[in-house]
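Down below are the structures I want you to see.
There are two complexes below, and they share chain A, which is joined by chain B in the first and by chain C in the second.
The block that comes next holds the complex of A and B.
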């Protein structure tokens, strides 16, 4: 459906410019910078060449099929440019400029004009007022980022749909630090045509996508979103960061139910009903998307913790079990056999009780044995491993051990620290192991696996 | 046309048709010589113009015998000379919950569940789902509220949780059957005991 958008064979830039201050310049430059391998066609009636590329006076002069056109012109010029794209039978058009409905009635009129032009045609619009798309797999970026100031993530499994461009770009910049990748980023902008609902359907069947995360300010069609999401969720996990939580916005109602209903309370119910995980910050959004893309769901809430630092074990246990400032799960009650076996494998002053403490004397080998023992214990549903590389007996091959146990019970890894710690998170990331740089983020991640498992199980048991 | 507020008895008859328990009751203009309802009873003004009956002194609870009913009826009659009255058997106490329906502008018909009384409003301890709901949704609605423990035998309070699930499902079906005509619905309170759930007060606004 959206293959030609995310993997375009040819891109035309309408409003391409050799003036470095113009958007039409940055877009061309970025396509070249990201090594986009398809055909680039700058459209500009005035200049002959931009960065060595031949320019065309109009899109109709290009003797090629155009999968994607990027319009970098200002708002009043957009309707005519869209019309030219429709004539050329361009499949997707990204309209970058602002100055539309977000500024008032005049801008809204321009949007209606654009919609009229594409009505009944095969041309689809992304935006306007959008930074467009970023797709690592096809090296397409329409975002106006400065490479010396902004990092963009590599190829990965998270599909990221955002109503806000800046939030999207900043979040991608942030996750790049730990090497988390994305399968695609799409900024909906003013969303006059292409909406989150169609994209959900697309990513449901996109092989590269393991989870879908959305930043949403308001839904284009709430009912439709619910229907699509409830269907998609059976195949791909969905995480939503929905803003506007505190604005009441409930309609004037005469009955009690009306007084108790805020938009957000209903939104919250809808998200739960569809099996969507709700995030409350950009960090949660991407962490949850990551853990759900990398790890299988958890169908029980009894968790075993392995650590070499006792403090981490007890804090994590608190955070895991507590309902307040915690996630309300359970500390697994290890079987006697498990405890006995663990005891045989760790130092006498370590703890064979959950949380299992290998102590600073713990080694890669001990991690490996304990992981194996826990994977055989029927009382354990999932495992949190703190892979702490700071002590002498733990070496980098611990990552190999963790990779091996990705096939075992659902496991989430905490790797703390800024030197070897950060380096090993990057390595974990390369191998698709869900690793997080803090206890809080690690515990929340395992909770999310459980929420997904619980939903799938409940729906299966009681749902229609 | 404007939305119409149904009379309480109309709403309760509708609920009855869906197998939802309501107290036995009759609507009268004047008090008959005898009534076929066991005492104690409740006397309520029944007038679509009066949506919030208790606020205007239109509800008298726990009337113990016919003499008392006679006396209270004449007081009410003086207060609301043009109105009709609903006489209902007084339900035994239990846990009070609220079940409601509202049309949300983003998502459409939504069903709400919460614990009744002032604390619900104070803490906004309610859960929502879109209609139609299935059994999983109904169970989760109860599990989601902070006061959920009360449905799982907290302090040996016995409540029939399954009857609440059944009620939520039936309300969802009723709203579906009415094909978009329900603007708002309040079942508040619903009394939940160990022998099931009974809707004690019901208000409905329909779109003509």
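The block that comes next holds the complex of A and C.
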């Protein structure tokens, strides 16, 4: 149903402008910058051409079906513009301007007016007070970003729904560093019509989406969210960063988006019952979304660790098993046969005990053999591989080895370093291998696979 | 006393080789690659020249004082080489080879032989089984890194002591991404002679060093460490990543460096009593070292937050005050006068309540004014600034503003984004402003300043 929003064949910009300081200018410019390939219709009674595009005095003058209209006018002008969109039978309308309910009663009245205009029609509203959407697959961005300052991610598997626009944009800018992509980004804004609940349902069936992540300050309808999420979760993993969890945060949230505070212990219980993974920072939100999109769930918590640097094995073993400053999982007890076989394949002073240490003499070939051996050991549920490309006997084909074992037991990869390490994380990303640039992030990622597995098992669902 | 180790006027490489596959070749090559400007003396009875440098049949044939000798020979040949160094009155000897006590009794016997050779002499040993040292200030690297794969940090303020070589190199490679520098790196290896305790004393008085960070699997002499650290800590902050804290980790550590397990609750108590900050990952270790080197301690825990993105304020307020998934500090209650003044300086729909939200309309000028106002509010102990360069009214001179306020109340900066954000973190680093690329890392950093302040206050020491 949201195809016309995320993959619009035609976009009208109401309030398009040739004045570079106006929002209505930036929106048109960015559509062109991102190579949007559909039909663009600037609407402005005064201008003749904007960036070479013919403008229309009103949306009704456009002789085409309009999938998406972006209203760039200020708040008081929005209700009339929405009315015109309804007459034109526009499917989706993004209202960018602020100055609505977040600013007081007068703005709230404007929102009610808008809602009345669309009542009983086929027109749906995103926002107001939103940066809109960013969809790499269709090269649509309605956000007012300066491309020379902000990176936006490429096409990927994470659907990102955010109540806050800036938080969403900054987070996407940040994950671009390591090449993580998204299937779509939608900023809910004041959320007078379209909400997270309908989007969850949509992404549940969106083939491009492997996981759904949400930044939320309050739920539009908590009961409905629980009902929808509990179904969606059987097909797609969901991660939520719910802020306002402390009274200080809740107060800040009420000033930010007008979110009413809720009891966080209740929120926490509801999220857990629905099988939703909870994140506490933007890093966790996107890391968890990524690992869940790229890797199958883990149905047991016995983990094997492979490294060529002993220190990483020690620190990771601590972090894996510890309940404090750690994730409370188990270090797999390798079978005697496994240990014997590993011993035959690594250097004499390496360790065939878990964590398995190939030492600085470890080779790509040894990584491959040890992965093969571990995949046969029934005492091992999942694997953490530190793919360290800095030593002489490891080469870039280690990425091929990792790609091959993506078919094996659920595996998460840690890749350290800013030179070849950074380059290889980007390559892992291109191949859909979940790789992380620190030990803590790697271990937390495998924990999340286990949380999902445990939840699905509890509901007798073993598929993804 | 360690000047001749960290800033050697002359280096002899015993076992230097023209065979590119040999360690004795790579060490010479890397000294040249890193532009070491002292005198290099390759020692090898067979070769005539290595990379254009004259070689000497033995160290005794060199007609110069030798500050540092690097022995690249295999374990059985090391005792004789050390004996020659002692005769030559070499000040420091790095023994790179493994194959000593970490491999069994035969290797342990070799270590005892070496110790006998230096007993009562002025020659000191680093290692064996070590990658040696990396000192940007003097362009010395004895580590067998491949420069095309591994980045090493530039000159900076963090002294890094590591029991593990690979962990040290990988961590330095990783922090290079954001331009963090170090004052020196020393890999203790098997630590038969030189230990962390003497190095702590040295770095206490090293002008280049602002903080000392250690990766340790076991202390060489716990009592002595406590005694030394308790003194050093009054002048220089110390951060320790002590692994082997779980029984699983301890077992891995015993296989890695032969570290004997210790009761972690006792370790934890000792570290706390000595005022040492404990890290649990390589990221924390270096982040904490950085913030403590760049910023003064914090003597109260009431924090003000400035942001242009409301969502960041909400999430950070939660993380700041929460005891679970947070650091348990306080959000400062701004005085009425402060709030009034802030209100006069920001846009109408911004928030003058803490977290202070300048909104996407916030400007560099507004950041500056709000920082000025907060610096006068006695209810504020420290400040978190999210310096977000992505919006149109904020420009790069915000870095100058931040630099100016480094003289004010202790401040930690969060900078998100991979484009202008990344570039500005690198710039902040150049100016000694502690900036971090995620909210969690930013908040944890300010907590560490408070932990140090609280400790110093407890000992009635208020200076840095």
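The rule we apply is simple: the second predicted complex is superposed on the first by the 445 of 464 C-alpha atoms of A that agree within 3 Å, B and C clash if a C-alpha of one lies under 4 Å from a C-alpha of the other, contacts with A are read in each partner's own complex, and residues count from 1 in each chain.
As a working rule, a residue touches a chain if its C-beta (ideal position, glycine included) is under 8 Å from a C-beta of that chain, and two chains touch if they have at least 3 such contacts.
A quick note: this is a predicted structure, and the numbers were derived from the prediction, not measured.
J.: Applying the document's definition of touch, where does A:355 land relative to chain B and chain C: first, second, both, or neither?
T.: A:355 sits against chain C, while chain B stays out of touch.
J.: Answer with first, second, both or neither: which of chain B and chain C does A:459 touch in the superposed model?
T.: first
J.: Just checking: does A:265 make contact with chain B only, chain C only, both, or neither of them? Give me first, second, both or neither.
T.: In the superposed model, A:265 contacts chain B only, not chain C.
J.: Is A:223 touching the first partner chain B, the second partner chain C, both, or neither of them?
T.: first
J.: State whether A:155 touches chain B only (first), chain C only (second), both chains, or neither.
T.: A:155: touches no partner chain.
J.: With both complexes superposed on chain A, which partner does A:113 reach: first (chain B), second (chain C), both or neither?
T.: Once the two structures are laid over each other on A, A:113 reaches no partner at all.
J.: Which partner, chain B or chain C, touches the larger number of chain A residues?
T.: Ranking chain B and chain C by residues of chain A touched puts C first.
J.: For A:365, select first, second, both or neither according to whether it touches chain B, chain C, the two together, or no partner.
T.: The answer is neither, since A:365 touches no partner chain.
J.: If you stack the two complexes on chain A, which partner ends up touching A:164: first (chain B), second (chain C), both, or neither?
T.: In the superposed model, A:164 contacts chain C only, not chain B.
J.: Can you list the residues of chain A that meet both chain B and chain C?
T.: Chain A residues touching both partners: 251, 253, 255-257.
J.: Okay, in this complex, where on chain A does chain B touch?
T.: Chain A reaches chain B through residues 218-219, 222-223, 226, 251, 253-263, 265-270, 272-273, 458-459, 461-464.
J.: Per the contact definition, I'd like the list of chain B residues that touch chain A in the complex.
T.: Touching chain A: residues 51, 98, 100-102, 104-108, 110, 112, 114, 120-121, 124, 126-130, 133-137, 139-141, 144, 184-186, 188, 203, 205 of chain B.
J.: Going by the contact rule at the top, pick out the chain C residues touching chain A in the complex.
T.: 98-99, 102-103, 145-146, 148-151, 162-164, 166-171, 173-177, 215, 217, 241, 243-246, 248-249, 251-253, 255-257, 280-284, 308-315, 317-322, 325-326, 331, 349, 351, 353, 355, 357, 360, 388-392, 416-422, 437-440
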